[in-house]
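In what follows, chain A forms one complex with chain B and a second complex with chain C.
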Partner chain A sequence: MRKWKNNVFVAVTGACALLSCGVLLLIVGAIFFRGLPAISWNFFTEQIRLVGAAGGIFYNLVGTLILISTALVVCTPVALGVGLLCGVYGRHSRWRERFMVLLHLLNGVPSILFGILGLIVFVKFFGWGKSWLSGGILLGAMILPTVTIALIERIESLPAKYLEAAAGLGLNTSQIIWSVIVPQSLNGLITGSLLGLARAAGETAPIMFTATIFAGATLPHGIKESPVLSLPYHIFVLAQDSFDPSVGEKLWGTALVMVGMVVLLSLIALPMRLRIHEEAYHP
Partner chain B sequence: MSIAGWKRRATPTLLFSFGFSAVAVLFLLMMLVLFLWQSIPVWRHEGFGYLFGKQWFYRGQQFGALPMIYGTVVVAALALVMAALVGIGTAIFIAEFLPSRARLIVKIMVELLSGIPSVVYGLLGVLFLRNWVYAALAHFDPLSGDTLLTAALLLAVMILPTIMTLTDDALRGVPSAQRTAARGLGLTHTETILSVTLPQAAPGVLSAVLLGLGRALGETIAVFLVVGRQDNQWPSNLLSLRPLIESGQTLTSKLGGSETHIAYGDPLHWAAIVGLGLILLALTVAVTMTGIRLGTRKASDA
Partner chain C sequence: MKKRTTLEQPVMTTPDHPVLEARNLTVTAGGKTILRDIGFTVQRHQVVGIIGASGAGKSTLLKSFNRLLELNPQFRVQGDVRLSGQSIYAPEVDADELRARIGIIFQQPVVFPKSIFQNVLFGTRHHDKVLRREWPDVVERALGEASLWNEVKDRLHESALRLSVGQQQRLCLARTLAVDPEVILMDEPTSALDPKSTEAIEELILRLKTTRTIVLVTHNLGQARRVADWLTCLSVRDGAGEIAESGCCADILTNPKSDEVADFFLSRKRLAVTPSPM
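Take a look at the complex of A and B:
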């Protein structure tokens, strides 16, 4: 009887595992095999034509790259500031705890709310209209928890003897920070950023009201009224009314390019990804 | 950091660190203040009726958020139940029965997949899931494949990797000596898991489920594409299953829709839209804080 119960349990959990892996493989398979026919050199170098039915996704790719590099530039100094506060200056104070709670709250904010916030602040109050800069700032704020938590984790795992040796040489706090702590924890910052950018590249909700349009933009000039095209918004718009089969093929191609980009970014950061989960709370 | 003479002098580095930390705090504060302030007119206009009203007709200046709250709660709860059952089952299998190399392969696959953008899930929902749901429900004669159930199914698939991988972490966190001891007492694998491993991993499993819930509540794009976006869908009978196979509206799908653009000119209408954002913010903050409470309690128990 107990043996029998054991077998049933293994069978049930095994079935769950098969189901989840099956579903996930199905998803990847569908994207890969549907998207592959669309991929060619021209797909990457041409503009979209005929409302997405022909041509390529050059400016969408460029737009997404502009958005995520802006996000990186916006996010890095803030992440470094908070990281030093939590990992060095306030390491044993209550401020570390408070900032960790803040980062987790920020991480839990739904992405559409960043979009609404951007619509109020950048589009309307600042009068920027749709602009690549507001999209970059919003995405930067969105990925801040991911980058910062990865950085803090790295700073706190530095061997104490590094710091003792530096202090023994007579370096002051700032010198220790810039010559030991920051260089030694740089790979935390880099992998955290890669994970963050993988998320930012695929987000639609924060940028659809604030930064991106479907067609008719090339490279941005200035800040006001200078939207960019982007990969996720391209898919979002076409998914809502794609009955033309040639649109369908390009659509899957775009999805494949985006998934490839995300997987590539997270693959580089995989060791970090397996060690920490920025979503999970580690007190 | 145990360094003697660690003094806090106002060096440029300290100012840099504190200054940018203040930026992060101010950003979150600004978000909260803006959502409160911009939604004031609708609270004045509707009072608490805004939360409990069942009618949303912006031309008639009627704003009741209840159908959207209902949609969000139903879709998230349904998705969570499905994803938690399958996800926890999977995690038990890969953490307890698979050899560690196979486990690592599954784990890597899941980690990479958890990054698939929501718009891609939305696309899969539009082109496949919607039609499958329509065909499967043909017997009940639904109006279309865009239903609350479709959205919940899609969300369940999306949060599955999160729940799976975090539950697996929690299970692996239980010391293996405890398993060996239980096995030595003559318990079967199953009994060991159910009476030793799972109870010990419970806080971790629960916070995995809460994180899944947080994601499910806030997901916009995928839900937007398959939920049907039908306003004023308040079911006459709360216990009936019929509303699940009809179109609906969630807080996020409303916020992501074109009404957000139309609303800006009219202060009251705009306040009603921002108010939906405020409700969503309150929901997700509550879920996140619960998760954090659980996390801290676990740490102080240990």
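Take a look at the complex of A and C:
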């Protein structure tokens, strides 16, 4: 009887696992087979033409790269600061736990709210209009918890023996931070950032009111009124227009490029992590 | 930049000040007493051994001598430790500078994932007065003092993690020596090493004591006999470590006065003759 129950349980959990893998395969598979015909060299190098029915996604790709690089530049120093505060200075403090709860809450804020915040603060209050910078800052704020938590976890898993040895040589806290803690937890920062960016690259809601338009933008020329094109917003607009078969092909092609980008970012995170890990043992 | 107040560095200590001295030292962690009322004295150029059963607080005592216990805020220290007559727990003393004057070697060698060269410089490059062009000399002198120079001089820029454990421990010693401490605390420095490396470290201790003062925690009575001038035996009373007996090494080992110490020696001897249960 117990064995029978166990088998049922294994079967049910197995089915759940298959289902989740199946969903992923279905999405990636559909995007791959429908998007593949659109992919060509020109698709990457040409500008958008005929309201998305022809041409390529060059400036969409560039725009998304601008947005996520800005997010990275905005997010990394803040994450490092917060990570060091929580992981080093506040390690034994009572408010650390509460702060971690806040970080998890920030992680749970729906992305559309970041968009609204950006609309109020950057677009209206600062008077930037649509600008790549506000999009970058918003995406940076959105991935901040992911990056910070990855970094804190890495800092806290650092063996205490390193800290004791460095302190035993008379190094002060800031010297210990720069010569022991930062070099040894850099892979946490890098993997966290790449995973965060993989998520940021696909977000539409934070940038649709604040940073991106559908057509007519090339490289940004300043901060004010300086929007960029982007991959997710391109998909968003084309999807509303997909009864036209030539638009549909471009839509799936763009989706495939975006999936490829996300996978690439996650894959870069992997060897980087392994390489730094190895360097720690056999430089 | 704020000027730091430091311990005055006496050129010569007056004979009435021991190099290191603990007075009524009590250490608690989270309400539990680890060490109670320790009195402890180390004279210049001596090797003082600390022996005692596991859990008697030997490592804690050692870490209270260079304020390393403070890294964990659970620990509370009462009483006083004096370095050359001056309290190290006085509010104006900078703990980081103090730790540069009292070095420590751990049970497991802790080398950083860097080259041998960078490991030796790891501490000293953060302290003032060492110029970059002096680095090679500093490294050679420290590795020489730790009897490691001849083994590594041709591969200074290889990873320190490729060294054997015994070599790593001597590298840690070189790293500490490069900072030029007056006192070196050693926490069972040979317990992870093979007999040959142990012998090398013991020879090193005997050589180093001509220029430094050494406090050595060991649970190897043979090692205590070979290198220590003075011996302090900790034992657990009412759940906390106390000093059971202190004295000249030979006296204590041949003729312990307290029953606890005699029992401890007996148990070590039994351990030594019975084959280890493997």
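Keep in mind that, in the parts below, the second predicted complex is superposed on the first by the 244 of 283 C-alpha atoms of A that agree within 3 Å, B and C clash if a C-alpha of one lies under 4 Å from a C-alpha of the other, contacts with A are read in each partner's own complex, and residues count from 1 in each chain.
Keep in mind that, in the parts below, a residue touches a chain if its C-beta (ideal position, glycine included) is under 8 Å from a C-beta of that chain, and two chains touch if they have at least 3 such contacts.
What you are looking at is a predicted structure, and each value in this text was computed from that prediction instead of being measured.
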item	value
First (chain B), second (chain C), both or neither touched by A:G14	first
Contact breadth on chain A, by residue count: chain C or chain B	B
Which of chain B and chain C A:I223 touches, first, second, both or neither	neither
Which superposed partner A:L102 touches (first chain B, second chain C, both, neither)	first
First, second, both or neither for A:G202, with chain B first and chain C second	first
Which superposed partner A:I268 touches (first chain B, second chain C, both, neither)	neither
Chain B versus chain C as contact partner of A:Y162, first or second or both or neither	second
Partner chain(s) touched by A:V180 [first = chain B, second = chain C, both, neither]	second
Doubly contacted residues of chain A, that is, touched by chain B and again by chain C	92, 160, 163-164, 167, 172, 279-283
Contacting residues of chain C [partner chain A, same complex]	66, 68, 71-73, 96-101, 103-104, 106, 108, 110, 112-115, 122-124, 126-127, 159, 161-162, 172, 175-176, 179
Partner chain A, residues of chain B touching it in the complex	1-9, 11-14, 16-21, 23-25, 27-28, 30-31, 34-35, 38, 85-90, 92-94, 96-97, 106-113, 115-124, 126-128, 157, 160-162, 164-166, 169, 188-191, 193-194, 207-208, 211, 214, 217-221, 225, 252, 255-256, 260-261, 264, 273-274, 277, 280-281, 284-285, 287-289, 291-292, 294-296, 298-299
Of chain A, residues touching chain B in the complex	2-3, 5-6, 9-10, 12-17, 19-21, 23-24, 27-28, 30-31, 77-78, 80-82, 84-85, 88-89, 91-92, 99, 101-113, 115-117, 119-121, 124, 141, 144, 160, 163-164, 167, 172-174, 176-178, 198-199, 201-205, 208-209, 232, 235-236, 239-240, 248, 251, 255, 258-259, 262-263, 265-267, 270, 273-274, 277, 279-283
Interfacial residue positions of chain A with respect to chain C in the complex	92, 160-172, 175, 179-180, 184, 279-283
